[in-house]
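Right after this note come the structures.
After this come two complexes, each holding chain A, first together with chain B and then together with chain C.
Here is the complex of A and B:
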């Protein structure tokens, strides 16, 4: 009873956040279960899979012992969950580093890529959607329809290659697709891990422009492919808001078009926030492909290396971190959604 | 009569006509591949490595001298086989599963839904990549993994329909007249709940083609020398920086056409199935 009273006097944003945080515990548990089963239940002996076909009998037995494969499945899971909660994701046999360290080292590269891609995607997607709703049957409306259809059909890795061909080989505008800064430029000292921000903090403009140039093509690739889907869905949501009664009322009252568009956009914000959250998950998957093309050295490329080398601890760690990342993004999205829509009761 | 009306309405849409045209081209490529192609799709010929498109090699050759046109035509078989199999398997498993968890709402249904939540909380491509690499990089494993990833989608679509249908009066009427659960589910609910799932088939095939190509591109799918579009693009990827554009360009175009074809067919099917959603 008293607990409920406490709950009621909490400010609304706090109640939203607390309510959502409770939800994430079982979700994380489920994700751990899936990544655990991923390697354990699939055909083959994990010890053999990790060591490869060249392993000797003794090596396999000792690794089985070390991994706890002789325990029951239940005990194995408890052990795995315990390790994960302590930040131990195993050791990669290829980089011979702890997987957690490897992942942490590479995470900022991917995050920087995804964040800029996200911003550009929202900019392109929402702008096109708004213009094509406000000016129906205009050139932008038709153009965006064709674009929306095509963007869903184009493989992102192929777009990346075409961009490299045109902007690097033919026009020579873009830098070579090898990594995050020029080989001649020393990366800025790590503060946030984002090269563009760190170089500015260090006042190193050469590094800043180099990093910015390197970001250009991969970010463009991700935005071109993903803005189409965001545009299509934003269009549906925004068109509903734009044709609703309150907008007609605003127009009757003689408000400027600018104000009307802004208030329609404000009212279609909650669904758009959800879409953006989904998009983040999509971008993480797409980053795997795009990072490979641009030798980005982030999480995605690490995962591809893990696949090629049959590096199962690394792969398992990556899948876990990716899923955890998505869960956190969805959590933030849910919180923002509820904050943006005052009608939702907590 | 009614059925003819639906087919006619479908055929009147430009998107359906374009989609069917591309589909017909693909079917021709699948069936007549051995008679169409001028070269073997898997035989390397180092003497003609990386030749630009010419009369002898319409779309050029790749780094090991394989004819790109021949490989693209043959790859249609692999790509469509994987994608269509995966979607059919997902449909056949997902639809009855969705029907069951929509109709019976107990602990088991809730558990299955949570399981779907977990599967869908992973980025599709990441989970697919991990599963294929753990199971072994075989054509059939790619199809199985894609099917597993698509099952929740079909099951959810059916479940959502079932949840609203099961409260309708005609279901109560069927129950009052003594129909068994099984006959209510399959004779009365299922036919009315199928439309969104059927529309989804075409769109899913497009998604499956993109995923297959992506998996092969990063080396977690079909392996050389099997002709597969994504794999072909990945072979051309290294030469793109050196200005050799044809190796990666043409297989990529094949992917775009194939996905576009199924997207157009899906759009047309949705418009026919749901006339209210015609103009958005």
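Here is the complex of A and C:
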């Protein structure tokens, strides 16, 4: 039997996952190539840009030597790829930390924020969509229409500021919008980088509740802004499924409304998965305004700082990590998408 | 009426009293004062054309009208209990539990992302509860009872992996699993092969009789009524025009409309006798199309095997001749048609058209031949661009003509509309505004636009109303005699074959089993399979057994 014959008889889920995993290798290679070229394509001498106008000739020459800028483009890329594979993303001249260390510190902050924000977005968006389709012309239906219009028009930083004003300043319910955990509380030892999970692992409930409290407003902000789009799309897809022939038939078979809604939702999953994946990848960089307002110290802020400071190694590192993250998200999306619909040919 | 009569016959199981249904914005009621009764162990056929309200009736019986429809008058009693007075929980128990619906187009009725077994389990547990494991076993049992081979494995299949007939059986299993009192079959066998249709209906009616259920069979096929029903109701424009025992109806309908229907259904135009000289002399000098050793394979996903959809098929066709390819779905007949017009690439074999090899030529060369070889697609609505008006749809193929042949487009479109007997006012209509019959005609007009020499008709008469079907058959016959077309008919409607084709090829599993002049094949089929196929065609007359059953019921009721 040839390889292709072995392939064809594998169970479907295995074929889906294996097929997608194989694709990630050339994709990652492409990402590395682009991030490498990113800096090369910038006008001017990178060494000069890094050192600024006050640099002496010797400094420039020695940096060029250090950065390997005198090698051919091909050798430079090989060198860069080798470094990246060894986890060496260069040193940020601005923070004078290795970029990998900086990113490892900040990435979990953003990931924790947007993961919870995504979960809440799904909860709000899908729930509202389902209720407004199942009970048309009810209060939730009308309310969700207004919300759908508004959510697309309101900027996230404004929602964040409003929430801070009411819940922190006026009502005093929410903690101060400064960082991921109360200044009096020591952050838990890093395991996953998610404070909520790490604190629970360490059994440190004070840190857990503090981290949870700090997450509340930024997560709410992101969810309020993004759930509108998800809700609108889910509503369209779910309404179609809910009015389809097989749902009518299920009703004629006397299935309970619960089962019927679940079945219609199960059928609307593929586009929802796609949009959630897209939003998730998008939020990685787009959460920057919210991160700034809440002094979150996340990736978005780091990237903006890097741009402002012309910190190219940091920027390069951010683009690489962001691209890798988005690739992984899309990989999961593709896999889930094909698993959710048995009709898709692998 | 004497007291010796059994209680079963005394009280009808289902009573419909003066039922009227109105849809918002409709100018006439969808159902208008409909009354009838259904006894245990009785099969009532309801016949009507599209728009007669028969499907609305089925939905109204379950109190399951769509949002903009409501019951304005009348009542439906099941076992003396009004279903209109039921609360939601009672209705839920009624639907699928006591009154089960088997709808048209089973593949659309099944949840595409759930295995069929678990869908049946879902229905069973909604009505009877119980553990998943026992429900699954019962579901597999039921799948076996409705004639599904290898039910264990099939229960784990998704709907898209099943054929139409198989999916229909699954829907029947779904209806039967709760042992309902009344089964409503709403065009349950529409679009299925004749042999499968007979099997499915046999199964349905027999199971109803075994369990003493009442059944309502909604259909537009009078053959089904004659064969399976005890009583028939003819519906038109929301009213029951005539209702009575099937025997009486077939021997003499009392209403004009009923007899019109009966006549249209019985249409057996005299077969066209081939008069082409080649036939009589046996010289095939004017062979237009010659197909030799045609093979088409499709790979099966998940395995290394292939489906031999067309397996070494050869035939030839002379000018002005019509060949019918008959066979069940999956026999490869549509694949042959699509290979001939190069919608599918052929695995191997040779197709010669007027001396030119069609398979070997490039796409560009073949384009020159497209105007001479056309195809009428099976589902006209799907094959017509929904955003184009009729004029553009019919005019489009004219672009295939070379500049020297260019014609006045508007004039040609009018001629074509005329040829397919469509009124000129339809030129600006869009496909969704046309009836199924009109869509078929537009599809035919499109194929004829370039004055082709050869046309492939894929199921030209399937899924049409009785009278429309008769009209389309007449139309095609006229066009053929006028234009001297050669045609390939792909169909499983044997009635139309008899009226349209000179020769018949019977196909099965991608091979031609039997070939001959139409009359010969119908009069004395040689192959066992051909005989089965012919037997599955339901004549519009009652069988002996059915007649006896009718008489027994009649005397029983009079005693």
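Just so it is clear, the second predicted complex is superposed on the first by the 342 of 346 C-alpha atoms of A that agree within 3 Å, B and C clash if a C-alpha of one lies under 4 Å from a C-alpha of the other, contacts with A are read in each partner's own complex, and residues count from 1 in each chain.
Keep this in mind: contacts are C-beta pairs under 8 Å (C-beta built on N, C-alpha and C of every residue); 3 or more make two chains touch, one makes a residue touch a chain.
On a predicted model such as this, the values are computed, not experimentally measured, just so you know.
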item	value
Chain B versus chain C as contact partner of A:27, first or second or both or neither	first
Touching partner for A:278 - first (chain B), second (chain C), both, neither	neither
Contacts of A:254 with chain B and chain C, given as first, second, both or neither	second
Which superposed partner A:209 touches (first chain B, second chain C, both, neither)	neither
Partner chain in contact with A:94 - chain B first, chain C second, else both or neither	neither
A:236 touches, of chain B and chain C: first, second, both or neither?	first
Contact breadth on chain A, by residue count: chain C or chain B	B
Contact residues of chain A, present in both the chain B and the chain C interface	none
Complex contact set, residues of chain A against chain B	27, 30-31, 33-34, 38-39, 42-43, 49, 149-150, 152-158, 161-162, 164-165, 168-170, 176-177, 235-236, 239, 281-282, 284-286, 288-289, 292-293, 303-304, 306-308, 310, 312, 315-316, 318-319, 322-323, 326-327, 330
Residue ranges of chain C in contact with chain A within the complex	59, 62, 64, 91-97, 100-101, 103, 105, 108-114, 122-123, 126-127, 158, 160, 171, 174-175, 178, 301-304
Parts of chain A lying in touch with chain C, wherever the complex brings them together	1, 5, 8-9, 12, 244-246, 248-256, 259, 263, 266-267, 340-343, 345-346
Residues of chain B touching chain A in the complex	114, 117-119, 121-127, 129-131, 133-136, 206, 210, 213-214, 217-220, 230, 233-234, 236-237, 240-243, 245, 248-249, 252, 255-256, 259-260, 263-264, 267, 280
